[in-house]
Every structure is written in C-alpha cells, then in structure tokens.
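Chain nomenclature is as follows: A, B, C and D, assigned in order of appearance, with residue numbering initiated at 1 for each chain independently.
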Amino acid sequence: MIAVLKQGTTLQQRQSLIEWFKTMGLDVHVSEGKYHVILGLIGDTSRIDVEMLESLSIVESVKRISEPFKNANRKFHEEDSIIDIAGVKLGGGHFQIIAGPCSVESRDQIISVAKSVQASGATLLRGGAFKPRTSPYDFQGLKADGLELLLEAKRETGLPIVSEIMSAEDLDLFADVDVVQVGARNMQNFDLLKALGRTDKVVLIKRGLANTLKELLMSVEYVMAGGNERVILCERGIRTFETYTRNTLDLSAVPMLHELTHLPIVVDPSHATGISRMVEPMAMAAAACGADGLMIEVHNDPMHALCDGAQSLTPEQFDHVAKRVAKIREALQ
Amino acid sequence: MIAVLKQGTTLQQRQSLIEWFKTMGLDVHVSEGKYHVILGLIGDTSRIDVEMLESLSIVESVKRISEPFKNANRKFHEEDSIIDIAGVKLGGGHFQIIAGPCSVESRDQIISVAKSVQASGATLLRGGAFKPRTSPYDFQGLKADGLELLLEAKRETGLPIVSEIMSAEDLDLFADVDVVQVGARNMQNFDLLKALGRTDKVVLIKRGLANTLKELLMSVEYVMAGGNERVILCERGIRTFETYTRNTLDLSAVPMLHELTHLPIVVDPSHATGISRMVEPMAMAAAACGADGLMIEVHNDPMHALCDGAQSLTPEQFDHVAKRVAKIREALQ
Amino acid sequence: MIAVLKQGTTLQQRQSLIEWFKTMGLDVHVSEGKYHVILGLIGDTSRIDVEMLESLSIVESVKRISEPFKNANRKFHEEDSIIDIAGVKLGGGHFQIIAGPCSVESRDQIISVAKSVQASGATLLRGGAFKPRTSPYDFQGLKADGLELLLEAKRETGLPIVSEIMSAEDLDLFADVDVVQVGARNMQNFDLLKALGRTDKVVLIKRGLANTLKELLMSVEYVMAGGNERVILCERGIRTFETYTRNTLDLSAVPMLHELTHLPIVVDPSHATGISRMVEPMAMAAAACGADGLMIEVHNDPMHALCDGAQSLTPEQFDHVAKRVAKIREALQ
Amino acid sequence: MIAVLKQGTTLQQRQSLIEWFKTMGLDVHVSEGKYHVILGLIGDTSRIDVEMLESLSIVESVKRISEPFKNANRKFHEEDSIIDIAGVKLGGGHFQIIAGPCSVESRDQIISVAKSVQASGATLLRGGAFKPRTSPYDFQGLKADGLELLLEAKRETGLPIVSEIMSAEDLDLFADVDVVQVGARNMQNFDLLKALGRTDKVVLIKRGLANTLKELLMSVEYVMAGGNERVILCERGIRTFETYTRNTLDLSAVPMLHELTHLPIVVDPSHATGISRMVEPMAMAAAACGADGLMIEVHNDPMHALCDGAQSLTPEQFDHVAKRVAKIREALQ
C-alpha cells in the first residue's frame, strides 16, 4: 500500500503516522519526491482501512497494491475451483444450465417445468420461494411451502435445486436445498453472508445492481472467511441509464472475474434484460466469453404462455436456446 | 394505470388481458388510437406488478399514474408528520442535529463526545455499535458492548440515542435505543424492514447508494405497512462517477421528498462527502433547502485529532458548524 | 402521446392546453378517470417537446407511444440496411472487421499494420488522425498528415478507410476517407452531425459514454434528416461504476438496436475494456449476439510490442482473434 | 507520478520502461517492495498518457500525484479569480445572478423579461439563440436573429449578455456577446474549446451530464492553454438514476471546485431539476454552500404563465427567489 502525504505535512505529523503504521505491524519505506513524500507500507495491509486513511488531513491519497480479497484471489489459488453440487460439477470447464420458474407457484407447475428443462439439458433446477420485492404489496413468494414443492420436484427429477434466501433466520428451511442464492439486493447484507459462511452449503452470490466487481469479491470473502469455500458468482445485470433493457448485462465481468478469482461465474440473462427475446442472444454471448454456466427463467403458466414476450422463456423456447448455446460451446473447443 | 398494447395485438389477446385485469378487481377503459390501443385501469392497481405486465409480448409499455406508496404519501396525509423521540420533536418545523462518533470506541470517548455536542446544540446522540464494512477484515464494531456504552452516555446526558441495526436477530439489544437506523446497504433488506414494522421504535432509513427516491419510499412502506408509522428518511449521498467526493449528496431530494411524503428528512453530510472540510458548506446547504435535521460525525480520538481533515469533525469544528447552520435557519424565518 | 393531468386541474386550464395541442395539428382524445384526466394526442407528435410539456404545472406526466426517431426506425423500414463501403458490404448478414492502430504514427507503421490485418481477414482499415483527448497536453494526432498516410495505406492495400472527424471545418480533408467516424464525446455535437447529414459519406457514430440507445438513435436521426442514410452505429462501452475495466461494454445493445433500427451495428471491444486480454472474449461475445462487425485496435510499435497487455493487439494476436470469431460466426449458421 | 510494476516483470522489461521515461525527460526513482517494484517519476509528467501506461502488460497500476490541470489549479494561483464582465464582477466574493428565458422568442419577450429581472436584482441577462436539442425535429432556436434580439435587450437595459455557442463557425456572430456559454453536451467538443481559447471572450463552461470535476477542469484547461484565462464554471446537474428530478444537482461540486481552482463557480438550478418549484430551495442551497452566482430561467409567455410549474419562473417568482437568496447571502456574512 502506498500513502502519498500532502505538501506542507510537518516532520512531526509524518512521524506520528509512521509510528501508528508500525503499531499495526507494518514496515514503512519513505520516499521523498520534489513536492510529496510517499510512504510505502510493507506487510499485511488488509486490516488498514483505506477510507479512514484517506480522510486524514495530511494524506493526499492512498493506493492499495495488493487486492483486499484473499480466499477468492486467483493469485493464491491458481487453478479453477470446481464446485460439486450433489454430483453436478460447475467450473473449470464444467458448464451447467440452471433453469426454472421465477417463483414456485404450484406442484404441477414446478414439476412440469423441472421435467421439461431437464429434457432440454438443464442440470440444476431454480425456483423462488422467498421473493425480494420493491413493494410490500407485491407477491412475496410461497416461502416454506414453495421450498417444499421445490424439494418434491427434486425428488421427482433428481435435479439439485437452487433457491434464494432472504434472512439467516430461515436457514433451517434450506437444509435440503443444494445451492442457497443471495440476491442482488442482499449482496451487502453482511450478517446473512456471515451466517452462510458458517454452513456447508454451496452459496451463489448475485452482484448488486450498482456494485463493483471488487465489492462482489469482498462479499464472497465474507462467506469464505467463515470457512465455506463453495461459492459461485453470478452476473445478472447492473443499473445504468439505459431504459430499453431492465438492467445492463456486464459480460466483460466474466473474463475479468476469471482473472481475479478461481471461483466459477454464471450469467443470468433473464433478469439482466427483463425481455425474453434478449435471452437467446445474451445467453450465447455469455457462453462465447467463457461463462461457467447460465441461469435462465422458464415458465409454463397460461398467462405467460399467452404472451411469448415475458422475461421467462417457454419450455420450447428454452429448448431452442439450450441447443444454440451448445453450438457456441462446441465452437469454443 | 395505463397499458399501451403493441401494434398487431389480436382482439382475442386483448380480450384475455382485459379479463385477467377484471379478475384483479379492476375496471378497464379501452381507447383505440391510430396505431395503438390503450387500456386505462381503474381501481386499486397497487397489487399489479408493472415489470410482469411490461414483459408481456402484447404490451408496449405501462405507466403508473398513482404512486405505489400509500402510507408515506403526502396525498393522503397533507400535514407534516412530527416524530416524537423521547420528547425531542423532529419534522414539521422542528429541526434537530444528531451528532456523535462513527463508531463507539470507549466509555470515555462516547461520554466526552456526547457532552460536547450537547453543549453545542445537538439534541440526539449517534454512535455505531454494529458496523457494516465492505471487507470482513475491517473493524466490525463493539456490538452489544458498544450499545451498552451508548446507553451510558444517554443516562449521563439525557440525549436520546441513534444506532444502526444490521439484523433483526439483534432487535432485543436495541430495546432502549431511541432511533434504530437502517443503513444504506440494508435499505432493501426487506426482512429487516418487516421486523422493524412490527416494533414501536422510531426507524431512520438511509437511502441506498444507487437507489431512487421511489425505492426509498417503498422501503419506508415496508415498515409502515407493518403498523409502525414513526419513520425518518435520510439522504446520505448517492454513487456517481465523481471521485473527488466519496458520494454525491443529492440535496434536491430534500424538497422533492417533502412534496412526496409527510415524513421528516434529515441529511448526513459527513458520509456523503467523506471529507470534514465539506461538512460545513453541505450542512448549510441542507438547512437552506429545508432539511428537517442533520446527522454529523464528531470524534475526539487522538489519531483523528492530529488530522483535522478526517470525515469527522472535532468538537470545536462541530460547534462552529452548528452556529453557522443556526444562522441559515434564522435567515429562513 | 399521452398526457396525464394533475388532480385539481380546472376545466379552463384543461381547455387551454387542448386548444394549444390543436394549434399544433393534433387531435385530442379525453378520458376521465377516477382521479386523473388523460389526454390522448393523435397525429404527428414528433414536434412536441416532452420536457416542456412535463414541466407544465397542470401536467402529472407524459408518455410517448411512438418512438421519436423515424428514418432509423425499423417499424418504417423492416429490412436490414446494407451499407456499401467502396464495395465492402456491411449489415444484413455481411459481417466485417475494421482493424488498425489507435493513432496513425508513421508511413511504415500504418502500411505494415494494414497489410497484416488484411492478411488476417480485416476488410476495413482504421486509424486516428484527429484524436479527442481529455487533456490539451496529450498527443492530439497527426491531423492532415495522418489522413495522408492513411490514404497511402489505402492505395497500397485497397482497404477502405475509417477515421474520426472532430469538426465540420475539417470535412474537406476527409474527401477520400470512406467512413467518417463521430466519436463518443461528439455524439451530441449536433452541428457536426448536421454537417455530415449534408454529405454522401458513410458515417459511423459511436455511442456516448453515458448516453441511452434512444439518444444514440436521435443523433443518427440528425444525420438522416439531412438526407444521408448511410449510417453505422457503434457500441464502444458506457461509463459505469466498475473500475477494473475502462468502460462497460453493453452487448445487450446489439440485439436491442437490431429491433429498433434497420441500420448495422458494430462493436468496439478495444476501447470498451481498455485491456488487450479482454478483446478476444468480448469480440467473440459480440459476434455471438449478432453484431454486424467489429472494430479492433492493432499496433506494431516496439513500445507496445514489448508489452503484450496494451489495449491494442499485436498482429499475431489479432490473427488469433479473427480466427476465433470466425468459429463463432460459423456456429451461428 | 507512481507506476507499480507487476509481479514477474523481468529486469530487462523494467529497464526498457525506465529508459523510455528518461527519453520523456523524467527522473525515475526505483523502490523495491516484497512483491512489487514501484517507480516514482519526477519531473513534468503532464505529457504522460496514464491510460497508455496502464495498458502496458508489465504495469499493475499508475497513480498521478499532481493534478493534470495547471492554469486552473489553485495550487499555482492561490487567490480567487475575479472575472470582469463589461463592468460586472464575478467571483472572489462578488455574487451575481444571471437570469432570462431558455430561448429568445421575440423582441417583446426578451426586453420585457430583461427589464423585470433587472428590477429584481439580476445583473446579467441570459437567452438561448442556438439550442442543442436531442431531436432534430425540436425547435433549434432563432440563431442569428435571436442574438440580434438579445443585443437589443442589452442596449435597452445595459445588462451584459450570456448565450450558448454550438460551433466555432458561429464565433463572428458572438462578437458583442459578453459571455459565451459552452453547453453540457459540448463540454468535450475540444475543437470548440480550442477556438474559444484563441478569443478574448469570457467563457462559461457547463459540466457535462456524466462528467467528473476533473474532466470539467481539463476542458477549462483547453481554453486556458490557448491564452484565454477568463473562464467561469457552471454546475447544472448530472445524470443519475433518480427520475423525479431531470438531473441531480451536485452541490458538493461547489466547495470542491473552490478548493481545486481559483475560477468562479455558478449554479443553474433550473436545468438541474427541471421543475420550477425546486428552483427556490436549490438556489438557496447553492448560495449557502458558497456558489459565486446563479443562472435562473425566467419567462413571460402566456403558455407558461398559465402553468406555474414550468422549469422557468415567472418574473414574480424570480423576484421572490432573488429576495430569499439575498437573505441567505446576508446570513453568510
């Protein structure tokens, strides 16, 4: 870490700061420029609070040289992590499609969707039971009953299941859920992340709507610091000024995260665009730039079936997308 | 609510949609334009999910006419709400300053700061015990011990206290805390908001870093829908591309929120700018545009005292700011 | 267009507004709801200024139903436009790669790069002569001399050339340039766009750093309204909060623009990411989601050759990328 | 400037880079850390292209220590610049209000507005003759005729005038205009800025919608580097995700720019919010945080007069705002 001191800093002020760094166990290397003095801090700087340091009146600016994330960092773990989800491998060349409805609505719905997506090549089943909604007046999900129906679909098809958790208090209900999803709005719900770090569940963390990749990796670090190393990252679109699409899918996040971390990265084109017509091209693009998997919404209810433009695909549309994605995967070999 | 149908929508598709609206208890008014058919929906549309509707293939676009928030809406509650916090009134012309350290660190620190800010005119004491930090390796607060010290400062000075909660599981610890704060990162932690809606605590909700005012008001609605009407809103800066300041204080939020809601709005210039030199001008600007209160960081620890540029003010600096703000308040009379 | 009037609007105010619309040649359809009156405006509303209308005190909100762009609109021109650039076709299934150095630096450089990219499959040569730089102290390009060198490379290889213009005053210098590029910072330099609309040049318009697709299409409309219909759109990354990449490539813009307009869309992965390692995956993703072409930086100078991580690719790297992209294109058939 | 080299950089690569810096006239100070080598560059680094440097494969990151702007920099010019505009002083304690209509529409309109704003205390008259509009189908201004009318209002009232230029080709028309305004969309139209740098006009530069303060100062630098030191900066709102207001007024830009530069800063609350009701509170807030002036839209046409909610104020409303702002100014003494 480098700290640049302001012009006019007194020797005494500088010395106080250096001594404080030494109490933090750091070596300090002083370099005097024409206008500025630069302090190079050597040792474990991960405990240094950059914002606090920058706020000091004698400090012009601070620059981290090492990344503040460790467990997720590829520098210390060169090989791709492969996550085993009840026998289904994800990452390190193992590409998987997670598919299913936005919300679990009924026994028939979830089992029917599960069977059809499985037939088209999906290897994991998703379904929302706890739904984070901007409005308290919107449907909040079937909760425990929804999870129960999802488990029934798992028993029926053998597909491991993925579902979102909203509070650590519900953890017991997720005992048989294979992948516990942390939604974009909870990406920095640190108490929830800590609780998941104390479990042995596979955790899928979605990037927050206005969060950077570094912040996403720091949230991953909350889980891993607790001892749980089975984490999957998910890019699902960020908030930008564009309004034709619901969010903006940041696909450069895929190769960039592959550089930064050894953990697998999946892409959710359904939420990112909010438009079913966009799912196919964006799923193909995600596969083409190296995503380890896709998360795609598929439904079979009549209201949506009437209208092919919903965010969710019909089973027939999903089958088509899965085939097109497979072609892209082949081209990459 | 208005739904514009796409060109080429068949009569049968249109009829299906109209019937579905009727099952939702809405009257539908059809207006045929040259290219488009427009459906006007009359009745309680707050349960209609705009995103779902927009995603239908026959729907070109949807427009809400009424706001989706109700309890917080000034249209249904014309007078300013005045929140009584252990005898200290906020809102409706009652202006208050909440001051105190970012984190509670020791008995001496919190009591010393409390006394000095009280002497300068602060009427509420803030202090963090649970600290949401981007990194799991940063200081996470003194937690229960911190709250205990804060309560001691309250007993010593009589100042009502404000502190941040991060999980509903900690609610018991906040029994004697006067104002429970929900931080920016938890603004859409809906389970936490619901839990606070079931209490009789005053709740202060900070706007999320990339959230709109409508989303803030919908989060307020989560608390109010549970029966708790004592909510304070806080503007604390939003994320923009500017890097000289930590965040960008959105002061137009103050008069805009005053139009939209009857609840009081306070402004936190310390977090918004991250620079102590900016606290005075932004506190004055906030007062000038009608904020109901300010939330300002004040510290007395030696590391910061050395350096007058920290985000926190020294007690002397705070005293100066409080006097300048009082001048602005007088000019408004 | 729909205008929703505020509650409390008097009959007289409403009537004044309706009469004003009639003087603009519009029919007005009045629909009275429970709380609001809605005016449906029928006729050519493209001359109505939405911002002005929204600012009126009796107007709650305004909604355009038709898009404000016409010449570029696919609704009025269903087939893909194919742009003929000195015999090279772009759009409607014709995929092309534009390659070349960021700046033209010398005769040897531009001719050497031109020959190597041509050998690898590029069909258009790019090279900057006028360089828009944030700082007046940065290199501003070789200007007229740079264009001269570029023309020499064109004569040598037969490749049509693409170069950026910064001011209408320089138009004469671009007489033999095949594609005139408008950079991101000039996307809303309306005088420049109007001047290009009066020429018969092919114009390539890059999306501004914080501009929406609608704004991009309105800028295109400035050129087309002048009578020049040969316009190419270019997605080159938008500004977001992410800092690991220079900008964020918005690939969902590709299928979305294909829906909205009949004009071809190319993608520039070099500027979007600012990192040469990201060019290959993002070029592949762009091809996979249906881009009509790519624009890629290739250099051969020793400073960059030393360092394989520059934004620009070496000729060898470009050859590899072009082959990988071709594989993706095959998979799409 | 500091450049941090990547782990694994060879001695030879390092040496090549150091030699290249030396050819740029810089001294290089090498500091070897545990994992990284840091190069400190001493001398005039303003000509070093940070983006190019960062893109090199052996470079981990680069950090400027000195600001890249010079002429505008307060470090080299400690006292506030006071700009004399035909006898009206702005900056360094001289506070002025610029008022007038968005567009010049007729002789009667501009003279009537000019007289009324002068009576209320405005000291400069604004009026748009060349209007940058997103759509080519929107009103583009009266152009030369508009400037002529504005000059007539100047002769009638003695108020110096402010009007926007869109192209250097129109400079002759601005011969008698006192302040030439560069709009937000042209903030990075570098050819226009250079042309203005060669004149002796006072130039008012508006911050672009998604531009940082550093970029604004670099655009100022384009004008000043040409020899024209009479520049005024204008904060007029930036693009954020908030939709209740048209843009988000960034008032912390005012004290921050005062730190960074000696040039005066005015605030335009009319464009920033797009809502006349917000002009008063935001004008007061701007005055309270130290703005050197305000730019406010005032109209007198019947369509707007009917509707008090337009972005523009009526002369009566402006009179009220001017009085309230004066109260705030007094409180600051």
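By definition in this document, a contact is a pair of C-beta atoms (placed from the backbone, for glycine too) under 8 Å apart; a residue touches a chain by one contact, two chains touch by 3 or more.
In this text the structure is predicted, and so the values were computed from the model without any measurement.
Enquirer: Both subunit A and subunit D are touched by which chains?
Expert: Touches both subunit A and subunit D: B, C.
Enquirer: Using the stated contact rule, I'd like to know whether B-D or B-C comes out ahead in C-beta pair count.
Expert: B-D
Enquirer: In terms of residue numbering, is the interface formed by subunit A and subunit B classified as same (over half shared) or different (under half shared)?
Expert: The interface is built from the same residue numbers on each side, given that over half of them are used by both copies.
Enquirer: Can you tell me which chain lies farthest from subunit B, using the average of the Cα atoms as each chain's centre?
Expert: Centroid comparison gives C as the farthest chain from subunit B.
Enquirer: For subunit A and subunit B, what's the span in angstrom between their mean Cα positions?
Expert: Between these chains, centre-to-centre, one finds 26 Å.
Enquirer: Rounded to a whole Å, what is the gap between the Cα centroids of subunit B and subunit D?
Expert: It comes to 31 Å between the two C-alpha centres.
Enquirer: How many angstrom lie between the CA centroids of subunit B and subunit C, rounded to a whole number?
Expert: Here the centre of subunit C sits 39 Å away from the centre of subunit B.
Enquirer: For subunit D, write out the residues touching at least two other chains, lowest number first.
Expert: Residues 210, 239, 241.
Enquirer: Spell out the part of subunit D that touches subunit B in their complex, as residue ranges.
Expert: So the residues of subunit D in touch with subunit B come to 210-214, 238, 240-245, 248-256, 259-260, 272-273, 277-278, 281-282, 284-290, 327-328, 330-332.
Enquirer: Per the contact definition, I'd like the list of subunit D residues that touch subunit C in the complex.
Expert: Spelled out, the residues of subunit D in touch with subunit C are 13, 16, 20, 46-47, 49, 51-52, 54-59, 68, 132-139, 166-169, 185-186, 188-192, 194, 209-210, 215, 218, 221-222, 225, 239, 246, 274-276, 303-304, 306-312.
Enquirer: Spell out the residues on subunit C that touch subunit B in their complex, using ranges where they run on.
Expert: Spelled out, the residues of subunit C in touch with subunit B are 2, 4, 29, 31, 33-36, 38, 40, 42, 60-61, 63, 65-66, 210, 239, 241.
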